[in-house]
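The following pair of complexes shares a single chain, chain A, combined with chain B in the former and chain C in the latter.
And then the complex of A and B:
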């Protein structure tokens, strides 16, 4: 045994534990998922999944072509992800620009601004639930601005519900964008800036033609990582709207959860999960390239 | 007005910037303020027609409820003198909040589960990170393979995991949650630690090997001590991730294993109506450890969340 172990090249020996974990948590579930997605298995039948009857591609056909709820959840997730990434990027850039120069108390302000991203997402959902209820402070503040009493039903309206979810996510994750972009803004080489200034460039021109191009890789990474996390959004939806009213604020994760665990049609839901997984894996291969290039 | 040369701001610009920064800080802090303020409000001030900003009659009762469990803290914020449990049973609630939902057990559970998972994730991650950092193992494909584990929604894997775990009898067990948490944080630990290991000169290990150490001893006795600051920061980072995780724990556990986020969700899903005060108190308590850890590793947060791509 010992001799056998010694024969394994050292770099590969180091990889074995991680391979085992990934095997158990990624490859194996994937196989189970594909298997189950081809059957009509439900735990309610009382049989084991490997005894279930094969229905082959029926689940896939149903979920793509006849399940409007699933398609809507996918589209809605894309909407949430893109709008949140855009707003977070904009705000992050704005914050970053405010913090480029040194000033008194900079470190304290940075620390305070970072607080939201450390909080438990569930608790963030909580906080926004308290803020956005009908007689909560948000409606009160809007009332002050408009000059009369307003009662917006933030959490029980399809559009406002989505906005609430987005606002909560933007609040929680703009700090990350801010941190990443600030790292980029402060790493612009000063002698290039000085060269541009001596050639007569204005502040805006320096920003547009020097800072932005130099920061491109960093912005790309920030967008990829945020976008990737946003596609998985679950906790905020779970707390704030529970996908409701009806199914109007469901995201992919929430749809899979609520359809899977309330109807227990595991075969059907496994098909949905596998479609999502396949889309994500193909997309991620292309999207993650800049990140992999940067870290490897 | 004189235009300031680049690198210098006019008085006006400075003041405006200061005001803007104070404004965004206040907006950012507002949800925290509201949570802490609500946690001291008595029941009548939770959702009055006109919101109460700072509790008129501050009470510690919400915290008492969280510490003792709603079932034991009798005669407080609810209208009648019955314990929550009696009311809940009358209302036919599925989730009964009893004495055992005091925060102590979930807190200890979370502490145990998160520590074990963090330890495993870091140990396995360090070995892999070493292999990638020093031998460029697997090239881009392996990098992609590990990163992809963080890419897709966990729910897409948790569904087959529920099926698998029920066969292995790992559902609702500490071991099950620990294994899954380990797997889901491994991409972070591998890439973050790799970015720290890259800073350790490999000549030192080579010297140690020439002096008669095995490769493995060289890692344990030379590399890890040199990178221990980075590894410690990574551990805290992974711990925060685990501490905040909700979905996996929610689907893989039911009654025996209850982590802090699960307790939070239980407080929320009670049929008694929303218990804003105790919820806020619980949120405040649950947030304190992560905020402390977050402050300690503030410098490394970006490095962690971008898988070591941005080192600042």
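And then the complex of A and C:
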């Protein structure tokens, strides 16, 4: 042990305690959750989690093969995540292109553009709740446009409910995409752009064949970051639709929340969380593979 | 050069090796001490320490006096004792104003802290069952959580203390039956002291109901007199008659949204003379009665405010207070707040018991009693008996009559004595109090079983799907029944059946008589 300690450089040794704490905070709950996912533990049994009955992979099997509600929640979450990422990416890139050059008042406009991101998600969600409620301003404005009273059930229709959730998320998180992509745009080497211009390339050609390929790692990272957040989307679903009507706007997080905290099925949701983790890790791996290769 | 050994810690020179060694040991110890496992182990030890206090002589002619006198004596065994009460957000007004008096009378300070509302609060309660921290002595979960807090070994059995200290759960000042049972008991034992009479009532616009012109037109159109509806059919006729969307006035602004629709459904279904389960623990709503009840709500939804599927109770209350609709179902506090001077709806509301169906010649009323609150005593409390006595004090006829009048709270009258108290009558209006008493007496419980929250949520989802036209009524209820069967199988049919038989015995006579008439 003394010889081992002698080999550790002193600066590294200083951070070992905090690293041990961090690892404990990460690993211990992970081990507990793995254990719980293999049991039928629920507080309703009146037993501690370490006394719960071991059921092997029963929870995993039930979730994947018999729980239609979970499968639909996953598919719905993928739909929301994909749609929002695509729109946020497009809008973020558009804003980035608009703001990449300096102009008078740019800082003020950028600050205004970033405001939605700084609002607490639940507050933003409630604002959208008030906007989209049946007698709210959105229906009123549509009514003015079409010339008659319009009552669209934005929050209690399966399709419109999903659209409302997506609109709220896009409004709130496009600024984050904008920030990341603008950083990417400003880091495009200008000598290559000048060279392309001198060779007669048009703006669109420069954007398509130079800017986008150079920005590919940044774009992929932005997609993974937003995709990761969207996979966990909960607050907007909770405040806007509560997963309803029925279960038609439930996302994974909302379903696991219901199953865990309303139904107290802790073992079950632990297994669900690992399944979701596996899905996301697999997707992230394949999305980021080209980026990792490039960096390597 | 040898290092000098020195056993005095403060005299030792600390080198890098020693620093790392001791730092790692300290970090490891800190991690272990703060870890949940260790905490749970300590809590388990604490559970063993919490034992029964030496008996005190029970003195006092009333529930409040018995609680106060006994607490004063008991407190001598626990010098320095302090009670902590965890409350749902927004209910402090029903308890905090009486804390000072309690302390003055007993010498035991009591403090309160809010812990969220709805799911947040329920989660905090269940977290305590897992963490066993003893962070509160008493808390009032809703009765539908009583099986949860009992089976998770959080709530203490209060039956012996109830027998000893007599909180007057029954008798002339008692909790209105059947709330005295399903608001307090589980499997025949008392685990909670119910402190809120949360029965729904039907609220109507008095200025429309008693308008001679409206009455004349109604009779001409429908063929009978306009009066407070006794049956669901009569309510439907009135809601349809008063539905005037072009004027911005709707027949109803009822609670049809997620979480609430199950309450609207269950009272409609039960009033056809039905229980939730049969004697084999099979759900009964996937039946002709169940389908008709859901179809009724579907038909009624045509004459509702367009926002009813999204609104929470705050929005429906506001809409009704602002005069947007003729009718709504609401909890009792709605009457008190609307009765306040300056409120736009003051003197414009009339009230009646939830309508019923004609079951073999007699109308069966079954009013939903969603939520309510019942004090439980935590098993991990350092002073459980003192905690119980505080709960008895706050829930006593004398104190609770004042508690339900406080602003900043939402507890409502629940004892027979409240219906004779002049201040309570003035606050809620004598007309409403008459209706509330009748509503409480025909109130039906939520699904107060292990897994009750799951049963209720699964039903709510399917009722929502039916109301929104995503599924037919038959399909929605059939799917709900399948989900209920899965829950029953998971918890064990025999165990659930035992609990259900107990809960069934707490249903009001109006329902049990209707079930008997049907045969």
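Definition applied: the second predicted complex is superposed on the first by the 254 of 296 C-alpha atoms of A that agree within 3 Å, B and C clash if a C-alpha of one lies under 4 Å from a C-alpha of the other, contacts with A are read in each partner's own complex, and residues count from 1 in each chain.
FYI, a contact is a pair of C-beta atoms (placed from the backbone, for glycine too) under 8 Å apart; a residue touches a chain by one contact, two chains touch by 3 or more.
These numbers were taken from a predicted model, which means no experiment stands behind them.
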| item | value |
| --- | --- |
| Chain B versus chain C as contact partner of A:64, first or second or both or neither | neither |
| Touched chain A residues, chain B compared with chain C | B |
| Which superposed partner A:235 touches (first chain B, second chain C, both, neither) | first |
| Partner chain in contact with A:210 - chain B first, chain C second, else both or neither | neither |
| Which of chain B and chain C A:218 touches, first, second, both or neither | first |
| Touching partner for A:46 - first (chain B), second (chain C), both, neither | second |
| Partner chain in contact with A:135 - chain B first, chain C second, else both or neither | both |
| Partner chain(s) touched by A:158 [first = chain B, second = chain C, both, neither] | second |
| Which of chain B and chain C A:188 touches, first, second, both or neither | neither |
| Which superposed partner A:28 touches (first chain B, second chain C, both, neither) | both |
| Where chain A meets both chain C and chain B, residue numbers | 10, 17-18, 21, 24, 28, 48-49, 129, 133, 135, 261 |
| Chain C residues within the chain A interface of the complex | 16-17, 20, 23-24, 26-28, 30-31, 35, 37, 40, 119, 122-123, 126, 129-130, 147-148, 151-153, 257-259, 305-307, 309-311, 315, 450-451, 453-454, 457, 461-462, 464-465, 467-468, 470-471, 491 |
| Chain B residues touching chain A - in the complex, by the definition given at the top | 5-7, 9, 14, 17-18, 20-21, 24-25, 28-32, 34-35, 38, 47-51, 53, 123-125, 127-128, 130-132, 134-135, 137-140, 143-157, 159-161, 163-164, 167, 179-180, 182-184, 186, 190-191, 194-195, 215-216, 240, 243-244, 246-247, 251, 260-261, 264-265, 268, 274, 276, 279-280, 283, 286-287, 290-291, 293-295, 298, 301-302, 305-310, 312 |
| Contact footprint of chain C on chain A as seen in their complex | 2, 5, 10, 13, 16-18, 20-21, 24, 28, 43-46, 48-50, 129, 133-135, 151, 153-158, 241-248, 258, 261-264 |
| Chain B contact footprint on chain A (complex, rising order) | 10-12, 14-15, 17-18, 21-22, 24-26, 28-30, 32-33, 36, 48-49, 95, 98-99, 101, 103, 109, 111-124, 126-131, 133, 135-137, 140, 171, 175-176, 179-180, 183-184, 186-187, 193, 197, 203, 206, 218, 221-222, 225, 228, 231-232, 234-235, 238-239, 252-253, 256-257, 260-261, 266, 269-270, 273-274, 276-277, 280-281, 284-285, 288, 291-296 |
